[in-house]
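Naming follows writing order (A, B, C, D and E), and every chain is counted from residue 1.
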Amino acid sequence: MQRIGVFICWCGSNIAATVDVERVSEAIKSEPGVVFSANYQYMCSENGQQLLRNAIKEYHLTGVVVGSCSPRMHEATFRKAAEAEGLNPYMVEIANIREHCSWIHKDREEATEKAIILVRTAIAKVKLNAPLTAGESPVTKRALVIGGGIAGIQAALDIAEAGFEVDIVEKNPTIGGRMAQLDKTFPTLDCAACILTPKMVDCAQSDKIDILTYSEVEDVKGFVGNFKVKIRRKARFVDETKCTGCKICMDNCPSKKGLNEFNMNLNNRPAIYIPFAQAIPNVAVIDPEQCLKLKSGKCGLCQKKCGVGAIDYTMTDKIIEREYGAIVVATGFRPINIDKFNEYGYSENKDVITSLELERLMNAAGPTNGVLLRPSDNTHPKVITFIQCVGSRDLTDCGKPYCSKICCMYTAKHAMLIREKYPDTEVHVFYIDVRCPGKNYDEFYRRACEQYGVDYIKGMVGKVYNQNGKLMVQGSNLIENEQVTIPSDLVVLATAIEPEPSVRKIATLLTASIDTNNFLTEAHPKLKPVESPTAGVYLAGVCQGPKDIPETVSQASACAAKVIGLLVKDSLKTNPCVAQSDESMCNGCSQCANVCAYGAITYIDKEFRLGGGKTETRRVAYVNPAVCQGCGACTVTCPSGAMDLKGFASKQIMSEVEEICRK
Amino acid sequence: MLKIKVQDLNKLFDAISEKEPLYMPLEKAGEANYGLYKTGEKTALDVLKTVKSAKDLFFPQSETIVKFKTEGKNITVEDIREEVKPFVLFGVKACDFKAFEVLDKVFLADPVDTYYQAKRNACTVVTFACRRPEESCFCKVFGIDAANPVGDVTIWKDDENLYWRENTEKGSKLTESVRYLFAEGGEKDVQNQQEETRKIIEKLPFSSLDLSYFENTEMMDIFNRPEWQKLSEACLACGTCTFVCPTCQCFDIREFKASNDQIIRYRCWDSCMYSDFTQMSHGNNRTTQMQRYRQRFMHKLVYYPENNGGLFSCVGCGRCVNKCPQKLNIVKVVKTLGGKKDD
Amino acid sequence: MTKQNQIENITRLSGTDPKKCMKCGKCSGRCPAYKDMDIKPHQFVMYLEKGKIEKLLASKAIWNCLSCMECVERCPRGVAPAGVVEAVRDTVKRAIGGNGIKAEDIPPIVDEFIPQQLLVSAYRKYNK
Amino acid sequence: MNKVEELIVKRARELLSSKEVDKVIGWKKGEFYFDPSPAVFTSEEELKDFVYNGFCGANLSKYLVQELKKGGKIAVFLKPCDTYSFNELVKEHRVDKNAVKVIAIECQGKLDIEKIKEKGVSAVTETEENGEEVIVSSLYGSAKFRKEEVLLEKCLTCKSKKFAVADETIVVNEMKETANDRFSGVEELERMSEEERFAFWKGELSKCIRCNACRNVCPACTCVKCVFDNNASGMATKAPADTFEEQMFHIIRAYHVAGRCTDCGECSRVCPQHIPLHLLNRKFIKDINRLYGDFQAGEADEGKNPLIEYTEKDADPTAAVNGEVRHA
Amino acid sequence: MQEVTEQKKEYVPTIVAFCCNWCSYAGADLAGSSRLTYPANVKIIRVPCSCRVNPMFVLKAFQRGADGVILCGCHPGDCHYVTGNYYTRRRMSLLFSFLNYMGIEKERTRVEWVSAAEGAKFSAVMNDFAKKINELGENKRLQDLRVKEERDE
């Protein structure tokens, strides 16, 4: 038999002025199951709580209803008080008779009647409450960072700094990412390598960080605190532990036709190569598509020349399995494919290049050793025209609807650097808007105009065509209301960026949601900007949305803080108000898993006894209580009602409905 | 014998319904079912088979038995039984009328079901002879004469007249109240119609159905026949056959919480086809659809006759033959099992 | 027809939503007839957006537009400046009444060098 | 014996004799020409009773659920509309498609014996389809009908003669798509006033006897335990004890299959009271098509149905109910 | 509003409002702390997310004598559980359209998006909804007569 205690709070005069609290307590007394009914001036006060605790003890209460302010205010207070007296905290329900009653009604009679109904409703619910216990799950004190760009590096360094082990999985042969390809960075114009490579070295030297380059995440199982991840270590054909990075193999490799990805395919590299001088790890890798030995079995020169015997042509992909408590996704971006924009003639003219290609052409370690030469004839371009918003803010099939955010600034940077290094060069920039919100950003752009004399033209380019070796850039000058044609030597396209496509697979593995542009979705756009909806998964860098280096680094550090906050715990308390499937009724249709935003639902084959010695194996849903957030979306999707939500069970809600409608 | 022109029938219905509630086949949303006649209502006397049988009038699909009221810790039981006012049930076919006999043996046997009894006693039954039985009919197999049903009053109808014969005292009382609408005569017409009808019945495909196997075979032998498996294979476990059946009498007792302090206990038709049929706290003694399917026919053809002097609890109305979604029915069962008597 | 009706009518005929224009000028940057147009393609969209249709109705550019559709093709926001040009031209044409080209006049002037497309485009342009 | 039936039986015989399958689900002849029942055939001998004629309206796909539990490989004969149900069952893991051989068979629309009887023809012995005509032979002679007079409701508004899935097909004559709009019935109701609609449904649903035939025949209704049978669900009902229970049963039944209902029309076919249940299901289908884009459940054996899917730009409920919005 | 209530004093409709914990319930709290009134016949049931509301709850409310049912959730895109209210939106669009198709007055059901900051909106929505339900009067098309009998006693 239920023994329910009801406590009506006056909240000073906040409730008592409009609700006749005495009448409410009196009316509730006769409710079946109610053994104690009282009212008190301030239930949340020390004395009020003591009243509650005493009643629990004295009347052996099995359930408590407090008619007071919003549960959002003091539910936790009263639950704690009940728990202190040995009553399960989830046996406490709040009837909101302040915000939802006394404060909004003027008529005392009306408000009192409503308060009685609200309290009765809470009683009806508490009668069906079940004691709930928060589960605990242990935390594996190791983090995984997917992506070894600046975001991943920063997150890993911060996590390692706090004393936790962290693995970086990078699909390329080296960490460094896009930032390693950049020449200078805005708005300070310091060299990217100078600020990035020390961090890369820190990673390599940290005894807490394990760098797994040339590797990809293959499978993810588990949940927050307990991820089990399979990582594919692609065959490098070079023993990482032996290679010293001496580059003798590179010099001797006869196959030199491989395109140099690091230099945006602007020049070639051998089949065995180290992507760039400061690569971490500084270990060679064999491109199996180019290697003569691997393709035809004839060669083996590098193996012969290698002084430490690091080359192994028989190497195969290996799958390793590791456990993690938290995962940071930092998969980064790539420039979009602009072949379809035939108005800019990118595929026809060698001298129409993307901004990232320009970065390499200006970089001292690039294909031209830092001397700006145009690709077609290796001459100095005298007139350079930049076109902004190529593919950004573009609703056609070729482009992206969003602003890529970084192009305005890097274009200003490029223009400025060129004007500084080659003052005889004429630089034009076609723009739609120049967007430079950020510390010292607008000042930077103005400097390009004012100090460096870059010609900014408000308008878009309609056509780029080759006329007698000159690139004719025809576009609008909207301010002058003129159509202009600028004969140029080099055209640089500020190409839109998009998330690195491999993020799709990773999102699926992590059940992290993705938006229509393939950016990972954050758990809340304002309040949880670095968390993914999947607990224990965090987002850093462009994989979540376009951003520049300072923002990326901030987000990475924020991720790290979140990860550290998670990993310092020995175990995680789980919210007990989670969904649960009644396996005897579940038929495994999978509809519930489809609506779960957290990937909390999996399916298992379970054997059921049918009677008569017969058994039946059925696929049934299993909700991982550590992952479930308790929204209840699955419960409505389930036609049989096998799925229910603890603390907000269908029966409870229906009994509340019944009580409210009772007159 | 009395007769009345068919065009005057509505006058008859109005006259009866003025005195007592009149239940008869009415067409609602395209289907014929028994319902309370009101002036202007669309009657469906010519429909051979109403979807549901006439048993509803005595044994409705859902019926409140008792109400409970709680007050604090007290529970009061409210007897909701009221005196049932006399009413007329009009147009019952011979098969449905025979079904009343089957139901009576269950509900009026000790302990008497007073809910059923009250309605049964209050009712004047006007039976209606069939004129054009159809291929799913097989009442003859159960010794029913569709051309000459009994009841308190019997009527026949042709294209011109409705003929009226009172059989009992109750019938006479009813006749008296509407006598002014009738003329004398019609014996010859009725006789001719009866002969015609009986001729049709002879020719009906199921009229020769042989039930002797069920009368002469050991119960367990029938029960254990392997054919039950195949017979029941296509059964969807819906309750159509049981709910359209005039003799099915199983019911479930359920409760409905009308408010926090008021519980209504009611009974409603149950079906042996349902998985919770005869569910008990330990579970269910029939766990497969085959068992439930077998139960239905064993009950109709074996158990019931065993307890009731050989009376089958099927009257051959053929509703299940027409209505089974997958065309399973008692005829197929009888033929499959009865055809191999020598086994 | 009130001015508002006229604006709505032109908008409807043009099949384009001028509010979608982000004022990048790519249409005018591409227009091959730019020099001959007194009102430029991007201005057509802007004037329509601002409701300044009397300027549009008075423009000569509606006769100079080649209907090459480059502006439509290139617009990153799915706006159709040529659609606006055509809508204005139709409005003007309908106000004048009568057709600019009569079908019976065509055969005598057609020779084998006239591309079919020219005829189609001329019909579009000068007939109501 | 018609040509299609001949080929079907031949194929069934091959499959059983070669042991390629352990059983075949098809139709078995009844007492009359017009009452074949679904049946499982396990031997060549049993196949002598196999029929496939104008009265084989039953959708066999749902029988796979129970038969597969018994084990073995099964060949099933599915008409075009039934193939959609099959896909839906696969999608929801009720049926393992690897254990099933789907033989998709020709269907020119199935006949409604009750409609034929209403036309005064009884004791039907055979039917023959001849283009748009049906010749019904009975003990009392033969009669000719236009097909639309005697087709099952579900076949009058057949959604497609395409097979959504087929391991093999048996088609002799070309199957013509019907020109009838399956949503016209829904539209007619939508045009009525609320009062008229209420009166219509009140009349229809008051006939309901809660026999559960509509639910039990439905290939989308395969719950281990239905909410209506589950006393713990708070929604259990066994009889239409009050008009509310009639409404609730049909609202929840239709809602639970919304987005999963392939519009196979079995519910309307089996209703002993001829309640036009398809008009309930089709309302959901029509609204889904209107609000979220055309969707045909069972077109594929994977993917999400519209109720477990969303887009950020979905219509707001008020606008959706007012009919102001349409999927772009 | 006040006038309408007085005119129809003989019948006070019952209104059930399902509010999601994170936005609408908090919005209702804000309405309370801002002392923004709405009729007392509106009673709120707290659910974690609007997507917890099963159509069966809505029907249950009508069965038990509710005259109007309103669901409030976070604005689409702001759901605490990321996607919950997107499902609600589809479910309730279809359900309410269906109820209307069955002849139930479409004004008796409603979905509104109310954020935690929109106390004023909450109160306005409830006032408006209550007014509509008052105008419609007693729900007679979707009710259980057994329950009604007991209520009226």
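One rule holds for everything that comes next: a contact is a pair of C-beta atoms (placed from the backbone, for glycine too) under 8 Å apart; a residue touches a chain by one contact, two chains touch by 3 or more.
For clarity, every value in this text was computed on a predicted model and none was experimentally measured.
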How short can a chain-to-chain path be from chain D to chain E, counted in steps between touching chains? 1
Set of chains adjacent to chain A and to chain B: D, E
Just grab the chain with the largest centre-to-centre distance to chain E, centres being mean Cα coordinates. C
By CA centroid distance, what chain is farthest from chain D? C
Weigh A-C against B-D on C-beta contact pairs and write down the one with more. B-D
Please report how many Å separate the Cα centroid of chain C from that of chain D, as a whole number. 54
Mind checking the centre-to-centre distance between chain B and chain D? Centres are C-alpha means, answer in whole Å. 30
Chain B-chain E separation of Cα centroids, rounded to whole Å: 46
If you average the Cα atoms of chain A and of chain E to get two centres, how far apart are those centres in Å? 36
What parts of chain D, by residue number, touch at least two of the other chains? 227, 233-235, 241, 307-309
Touching at least two other chains at once: which residues of chain B meet that condition? 256, 259
Residues of chain C that touch two or more other chains: which are they? none
Touch relationships between chains, expressed as pairs: A-B, A-C, A-D, A-E, B-D, B-E, D-E
In the complex, go through chain D and note every residue touching chain E. 186, 189-190, 194-202, 227, 233-235, 241-245, 247-248, 251-252, 254-255, 258, 280, 283-284, 287-288, 291-292, 306-312, 314-318, 320-323
Per the touch rule above, chain A residues touching chain E in the complex are 70-73, 96, 98-101, 103-107, 110-111, 113-114, 117-118, 121, 513, 521, 523-525, 533, 577, 595, 597, 629-633, 635-637, 645, 648, 650, 653-654, 656-658, 660-663
Residues of chain D defined as touching chain A within the complex: 69, 92-94, 222-227, 230, 232-235, 256-257, 304-305, 307-309
In the complex, chain D residues that touch chain B: 30-32, 35-40, 58, 63, 114, 117, 122-123, 203-204, 206-207, 209-213, 215-217, 229, 238-241, 266, 269-270, 272-275
Please give the residue numbers of chain A that touch chain B in the complex, ascending. 30, 32, 610-612, 658-659, 662
